[in-house]
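Chain IDs A, B and C follow the sequence of writing; residue 1 opens each chain.
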């Protein structure tokens, strides 16, 4: 089934990779530019990286972004996992179906609509309590949890469905209370789904601009929002430096993840081989 | 047993409340705002004013559609090649495709702008090769390119994941029964990958139609999509009611397009193919 | 085998929606016996097992364990353990941790756990498998781990839900012997569920034949085979020719146009009855000596014997014989009194017909079906 690629296939893949990475390479090159220009290269320098370190606004935005991503993905993961367990146990078809349809809304709806719909709710609620600076960390957190939830639910639910329903029964049969059976058997079995959901939530939240843009207030600025306000004017290469750093961090993370995955698979294969021999 | 499943249902209660409060209620607000004026009195004026934005609307859908089709045409062969290659190649390719997605969309778009500028890198390359320089920025083509560039991973991934699941035995069975390579593609691979096409289509089309940043940066000031108009109502014109009305129309239009799409693919499963 | 009752089911009923799965079941399970619930898919046998295990609550009736009603006790507080149909080994734990699972729930010391796990692995012939991953085990090995895991917690009663269904034929036969040996050695009660009559007959002390949510017959394997209570049991257990007959008097039955001596009595004069004759109990004699006469319509060689379909007055019998008779041959038939078994008419009378549509293949297909309730 798996075959060596033909020359044409290789060329095709190469062209797409060039297309996907050209702008990123440009950005990385200009992050090391010695002049402020983003179109002419003046020479190599790390001045923009140094400038970045002293840019308290950007650093603040970075910590804000991380804070928001960590809290929103954790809350969404806990609430979403619980929701998936509940949804999986729902007996009545129409209840389950309706719940899933509602869950899909934030994924299907254009982000801008999700953003403004929440903004309208928050502004309305703010007017009710006579508070005109209602938009800020709180509203962004709510918004991020909301758009993270469907991703958690949709990555946990299939794992629950795949799990043999008698598995927790086996645990209870051996003396576990239902709650203990959930933590000792169900949770480990669906853990890959939970991790996927958590990671997706975290990265979505890190990256989100549109929904944040409509639910943010001046008191709490995230990185994408800061980048947006900077790209309104001329962008200085320190933004490039920042993006390059983010890119490098993600690349490193992905490589580590892949290596550990490959290792895990190899280990399992070795074990299986040994198993066959004995 | 019965007690246990009742317990299980209770744990979803916080989410159900949350979903009602922050998914359903906000949408009701959109509908509400689009049907009242600034003073809160009922009016259909905003819905009716849509007529003025008809061209922008259609233009947005058209550009989004073109971008989605281009993504599909580029991504389909790639996904097929990926699905048929060795595990290591698959893993590496997945990583290469997903990596740009983690770069912020704003940065990616801005870099693209730098490339396309009149004094940008591409034109420098052209002149270096003694080719005529070209005006690329602030055109429809640039906007479509921006959409394709930003959203093509969302087309590749669902296509790839569905094609990787296709049992190669089916292809062999078809060949055994006398199907040519094109017949295999047309009669086996294509029908089996329809759900992937449907979810890829959705994942590219929706953000393309509703974008406002890409058009702003690559289309210039002369160029507005529906997303730009909506953003303006909320961020500068402060006309929430018109903005809500436009959003409502956008939502309905997209739902309509999805419904048409689903008729073609005959797929209606929950959630579609996620990575 | 002790004569003491360990579990008593009293008037158990269970409904799923509108479907009655168990209909007023009462049953005593004796201590240290090997008892089997036998029946076709959907007869309620698995439901009964799950009610004993505590995964289901009966709508009506009581489950009494050593004199105490445990009907509403959750599974983790019952002194019974289950071997599940698909084993339900925990995929994220290795062999050792799977077997130790129940022991850890009892907060045993690690030293004792380790000793117990070793003991159990020895019992199921899996010494040295402690650190192995569940995924690296074959079906038969997984089965053994499941047995070790359930037995590690020293249950009073072990419930086995079609535990051998997923194994291939050879392995299944081996495990039947092994399970029986384990049961004898440990002296605990086994409650076994199966749809395989051969399995039930060869392993059990007591067989409970079920159909339609009701117990059709309880008895030793020999009783069940030789003295089926009704047409269902006769048909389900082994091969049988089930004929319409009339009891002319005590010890005198009339069927297939002839009158036979039999050992049954106590029926009303001229009562309509079902007559069961096992294929191997028919004696073939020359035509002129036969009490009745038939024509061979098919003949299949089965190894130890020939299996013939014989037309006797338009009713197709199955007859097993060690002599060969060609298709079309006329044969005489004689039946000894102890080969004739007379049953009262029941709801199953007339449901099974003769062997005119019999084929091995159909028999096989119905064996493959699994119970899902």
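Methods note: a residue touches a chain if its C-beta (ideal position, glycine included) is under 8 Å from a C-beta of that chain, and two chains touch if they have at least 3 such contacts.
It should be emphasised that the depicted structure is a prediction, and the values quoted were computed from it without experimental measurement.
A.B. asks: Farthest chain from chain B, going by the mean of C-alpha atoms per chain?
C.D. replies: Centroid comparison gives C as the farthest chain from chain B.
A.B. asks: If you average the C-alpha positions per chain, which one ends up nearest the average over all of them?
C.D. replies: Centre-most chain by C-alpha means: A.
A.B. asks: Just give me the whole-number Å value for how far the CA centre of chain A lies from that of chain B.
C.D. replies: Distance between chain centres, rounded to whole Å: 17 Å.
A.B. asks: From the mean C-alpha coordinate of chain A to that of chain C, what's the distance rounded to whole Å?
C.D. replies: Result: the chain centres lie 55 Å from each other.
A.B. asks: Please report how many Å separate the Cα centroid of chain B from that of chain C, as a whole number.
C.D. replies: 59
A.B. asks: When you check chain A against every other chain, which residues touch at least two of them?
C.D. replies: 178
A.B. asks: Which chain C residues reach two or more other chains?
C.D. replies: 55 - these are the residues of chain C that touch more than one other chain.
A.B. asks: Could you say which residues in chain B touch two or more other chains, in rising order?
C.D. replies: Answer for chain B, listing residues that touch two or more other chains: there are none.
A.B. asks: Over in the complex, which chain C residues touch chain A? Could you list them?
C.D. replies: 53-55, 74-76, 81-82, 84-86, 88-93, 101-102, 105-106, 132-133, 135-137, 149-150, 153
A.B. asks: Provide the residue numbers of chain B that touch chain A in the complex, in ascending order.
C.D. replies: Residues 4-5, 7-16, 18-19, 22-27, 29-30, 33, 74, 77-78, 81, 84-87, 89, 91, 93, 95-100, 102-108, 110-112, 114-115, 117, 119-121, 149, 152-153, 168, 202, 206-207, 209-210, 212-213, 217, 227, 230-231, 234, 240, 243-244, 247, 250-251, 254, 258, 270-271, 274.
A.B. asks: If you look only at chain A, which of its residues touch chain C in the complex?
C.D. replies: Chain A residues touching chain C: 164, 166-167, 169-178, 180-181, 184-185, 188-189, 191, 268, 271-272, 274-275.
A.B. asks: Help me check something: in the complex, which residues belonging to chain A touch chain B?
C.D. replies: 1-3, 5, 9, 12-13, 16-17, 19-24, 26-27, 30, 38-39, 79-80, 82-91, 99-100, 102-114, 116-121, 123-124, 142-143, 145-146, 149, 151, 153-155, 178, 203, 207, 209-210, 214, 223-224, 227-228, 231, 235, 239-240, 243, 246-247, 250-251, 254-255, 258, 261-262
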